[in-house]
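Mind having a look at this structure? Questions to follow.
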């Protein structure tokens, strides 16, 4: 074509925060997944592994040795051949830097290059390494040429990945522009997109206007009120997809007054689940069954749910012997409208029970600092979104509710050895007997619900809006908000 | 005169030291755990311990402050906690876009605000004075963040005259070679004679420009008016009239020169305000400047970045005030 | 030259000026009549706040804008009523060209942010259309004229770098730069030392003779006016209470106020001050403005305002024999009675 | 003669001036008062005259220790007040020396009631308050001839002359020994001036006060003073009994000063004498006799040697080379 | 003379001054309108619970079934995303804005005024130190300092007030010091020194009271600016916290919806605009009226 085709992806915050694919553990997921590739990819809707740089893999009987057979004929964007050495180099370096999401590799003991197209991982303990190798962060394979002597990443170096797009230009904190890598092993379809622009557009209204005028090809995180309007707009296509994100309100189970399970249960009954889903996310989601979100294995509609029931809540409150002057602090992440509205709705329900909810919007880090700081100063309820590092229930249950001496993300400060045992066991079983593992995770969640460790508010759906000319868009919840531009075409 | 300037510069340095101390305090001492932030989200204790050493947070505060000062002296504002990149570099990248906006609004403030103030003072309590007062006070009373939204709604969505945001149209940005000489887009287009891009850039700067410029225009007009009102009552103005000088001369040369002192102070002041107002508007107009930068920093609790911007603004502010003081010092009355 | 033409050179008739205040319009000047002939000097004496400066500004049409108001009357200058001129006409035709004024306070009359040279040259350029070198030359001449030393240096100085006396001379130089025919000198020496005062008076006197100017000289020192002016008027609270040849007024004051003023001045340097006791009485709202301090005032002074009346007097001294009979006026029912 | 009330020896007051050149090493000084010797007896009135800026105000400011002197000593009642502590100053000196300023409007705090204005020294030194204070202030008001109901008025409700009376009442509240009058009548009209001078004279007789009077108006000085001191550029050029100086001034500067005063007996301008030239700068005063640059009778010696004060008469001295001791 | 008449006499000049000021302000149409509006705002602030049709909506009630309804006779200004009546919320917002502005300005004055009087009254080292301190604070653009301070104090309305006071006091110190320096040279201060009045007493009873007029003018003008700053902080999420109906916070929340619900951002914006504007107009007016040189009767 004479003029290249291009597509703008309007993001709600900066496109990336670090060029180094070993370190980036934030918005860069959008950009990096188009520039770099993992050994495998996981399709969480179909629940199956897709071969990428590895065409196939085998696991030893004891589950401790994983062998990957690499794809032949893959070239880095800089022209170098892709070999097993690169895999060893990338994973070892990522582990060594110990930054970002590198902990996903923590089971790995050693990496051996068997031949240029075969690489073998030895594990210290049983771990689903296929899922690890398919993670959206820190599992990228990159060229050693992009690292300088002191092992730091050479910023904005083009050609370090094997992915379909390579860097064209970037403006920090604002936009990243990628262009098509002609020598991509996966080849190119007709009308594919030549240039991709990742652009930060923090105002939702601006994003909506961009997509309406076709200035943006694709965007996410629009308020549902806009979605309703856009659904009737022939210029755009709205697609609603399951996401693996859920909103939870963690109770401080260690501090009075919420160390009382009855009180926690009362509060869980007082949460207006349906009103929140209807009002805050416009019905694009559903009340959670436990911690594992719909769309991920380990989810079960057989789990009990707390339903909104003020009478029950009142009774439980009385049972718990809570005074009339009960006042609780809830923190949420400032700037997130959905969390804010949810908190406000909750506050008005609790007010009906005579409970004062003091809601504070804080930047995530301040909120987190408060949760990790002086125990007497911690919030009573901490509201947050959770999403998977690995597409496994373990990722949802381990970080958030596994006993910790020094809390990190177990911000309910939940301590239950039985629970720990169950989920650790489930994780070990994952690669051998997934059904058994599933059951163990479900049982574990039952414990959380009985203990009312948290309010499981809703599992959210993701709403994507694409401009009408964009075809082939497919969403994979294991890679939240990632658009694989290689799959897209432009039709006029 | 030179001594006066020297003294002012010295005071400026003292002030900057104080500024540095405050920013250091805010950035290093107050947040409970910068290391955790540095180590990244979901980091484990070992990673955090490593970060503590990397950041030198294990050293005594005095040593940290000393190092901070040395770094400042070298123009090193530290690294962003989010991106781990040098803040100085990030600032320099987003600076030109903001400077363009601020400069434009300052020019507007001088060339619209001052004449407005002078006319208003001359025609005190006449209709034109009421209108101009209403305008200038209105301009300083508008919440910048709000008027940005409204302008966008009216001029883009309803009337579709001006683009919604950004510095350039995406097509132009991707398909054309953007001149990069000084980093200031409009200026670069001018010197390379690239008029297609220039036109596009000018078209894009109108709405954010108006949003940002309203405040300084109003401020300068208001200040000029009141300075002029006082000066027009001075004996030497009456005397100048008694010599039969033209009213035009009396107003625009005699009186105006006397009001340069307060006016230049207020212009310097308004540049500071404008800079901060960009924080509130740039995100609305997806303007890739410091404002966008600091709003990401505030959302991300990136203390070093916030403090970097703060110290940078304070530095420019001190310099601007110095410039204003020197202009005032040209007034022979304060020469000592 | 007929009597009438002579009179119409400069004449104030029934002028009344007021200021707006919170309580309403406060009259500050109320002059029934005042005449100055061509080439003559008229001295106006009055204490602080009597309205001397207001009169000067009224003549030039420069009353402070929002507050000052002309309530009534006319000021005829060369047959034209100045009060009927527009601001533009005043600026184009009269101010600077025909009427000039030396302001009271040399500290505040010069613009502090321009050099002396710039200020003079701007006026010269405006009034005489001179530019560049010629303009500079002319301004140096003017500074020489007022006997300023080292003029080529001085011209680049800012007002605050000069002494009070020097500043006052510069103001005089500017006022004279266009050879106006009517000069108002508003207490040009008020803030100056006696020694500098004498120098400046001599200067104005010389210039007046050279340029044949009429001068309205404002002062608060009777002896100065006596030395300097042919005619003198005494202003009390905005009203002329006595008027006549200055010698006559000084030698033979008719109004009690004038008498008090003059008695307070020693006749020679070794003579000690004499003071007459003053009394404090209630203000006469509808009567004589001086009533409250007057020692001879009676009931009729309290009830009625005395008008200026003429009192013919003989020439007080032999040396002044050009006009043997002159007219002295006073606004007092008991004029001539000594206090 | 017994011990003088005030004795001033070799008093100097220099003000530093900032220079406007870069890296100026030499600091410059305005020599406002430059070596003054003076004696004031209890009960007399000293008239201080001289050109504008010759240092009169500075001299009395130093005398009151409103400014610190640069050099020299001031004895008040035998106590060297240039060196006493602030407390001593308050207890011994402040009470006994008071000042009445030129401009009665600016010297009264516009936001204080007359009662508090006049009462301030009493409340500071005698710790009076409430009714006793009001009573005392009423007495003072009475003494300066103001009605009692002035107590609860603000200064701006009074005329210039009345304000000056308030200022005088305040100065007299502590029954000081010495009162400094710095141009006490120059800003009020002639009629009020007479009353104020009269009042001052009466009070002096009644309370046995000592005055230092500064005025530009020589007739005022003549009216009140017993002795006159003439200053030129920070130095005393002539001093002596008022009558003697007014009738027979001996220093050329004094003569010139008196000749420039217009008086009713003058007929025309030529009778007014002027002093040629401008006042020299107080930063670099002329060498020798300071007046020599403008003196009509200057001799070569005048520019080299500084004349010493010589007695022309008992009690009448002047510093000029024309005079032979 | 009785105590009460003497008191009346004592306050008389102040009363007269007030009367004159009011009279002059009242003559200008713009200012007259502003005064009426300010009075109205104050009344609204006081009686918000009575006037507001849905006072609960301004506190903690939600009403999700009526979310984002356009203005109607039921909801004059429409509703927000949780179905709350915007009219009621904006009425209550008046309360918050006026109270926080007064508090912030008052606090700033409390810090700034004594420091200014001390600096100006004492001179010398104290002056130098205090003024350098203010210089340091003044070298941050005010909103920026407030942003920085409240971002580490943690977001809340109280902290925002504190942050504004901290970034605002130097202005008062500076003004008062300027005044104090000129007053220090005035004769009546010299007179007080000559009497032997101790320095602290001179500063607090002679200097400070005489500096207040310009400060009050400045403070009244600052009210508008402070309201704007509070709104900006809330807009950035650093000020008031939901569900407090602070105007800036309302606009901030409305951003998400403004393409569909124009009323949501428009009305709070107009409320801020009008309030800030009338305070600015009055402040300007007072300044003009108190300056004898620009006074016009």
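The chains carry the letters A, B, C, D and E, assigned in the order they are written, with residues numbered from 1 in each.
Methods note: a contact is a pair of C-beta atoms (placed from the backbone, for glycine too) under 8 Å apart; a residue touches a chain by one contact, two chains touch by 3 or more.
Remember, predicted model here, so these are calculated numbers, not experimental data.
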item	value
Chain B and chain A - chains in contact with each	E
Partner chains that chain C and chain E have in common	B, D
Chain whose Cα centroid lies at the greatest distance from that of chain A	C
Euclidean distance of C-alpha centroids - chain A vs chain E, Å	46
For chain B paired with chain D, centre-to-centre distance based on mean C-alpha positions, whole Å	55
Centre-to-centre distance between chain E and chain B (centres being mean Cα positions), rounded to whole Å	24
Per-residue overlap in chain D, given as positions that touch at least 2 other chains	none
Overlap residues in chain A, where contacts from two or more other chains coincide	203, 205, 209, 334-335, 363, 366
Contacts with two or more other chains, residues of chain B listed in rising order	31, 125, 149, 157, 233, 295, 298, 301, 335
Chain A residues touching chain B - in the complex, by the definition given at the top	3-4, 6, 8, 13-14, 17-18, 23, 25-26, 98-101, 103, 155, 171-175, 177, 195, 197, 199-203, 205-206, 209-210, 215, 334-335, 363-366, 368-369, 372-373, 389, 399, 406, 408-409
Chain E to chain D touching residues, read off their complex	1, 6, 9-10, 13, 186-188, 190-198, 201, 205-206, 209-210
Of chain D, residues touching chain E in the complex	64, 66, 89-90, 94-95, 97-99, 101-103, 106-113, 120-121, 124-125, 149, 151-154, 156-157, 167, 170, 174
Chain C-facing residues of chain D, complex	51-52, 187, 189-191, 193-195, 197-198, 216, 218-220, 222-223, 243, 246-247, 256-258, 260-269, 271-275, 278-279
In the complex, chain E residues that touch chain A	60-62, 64, 67-68, 81-83, 151, 154-156, 237, 241-243, 253, 255-261
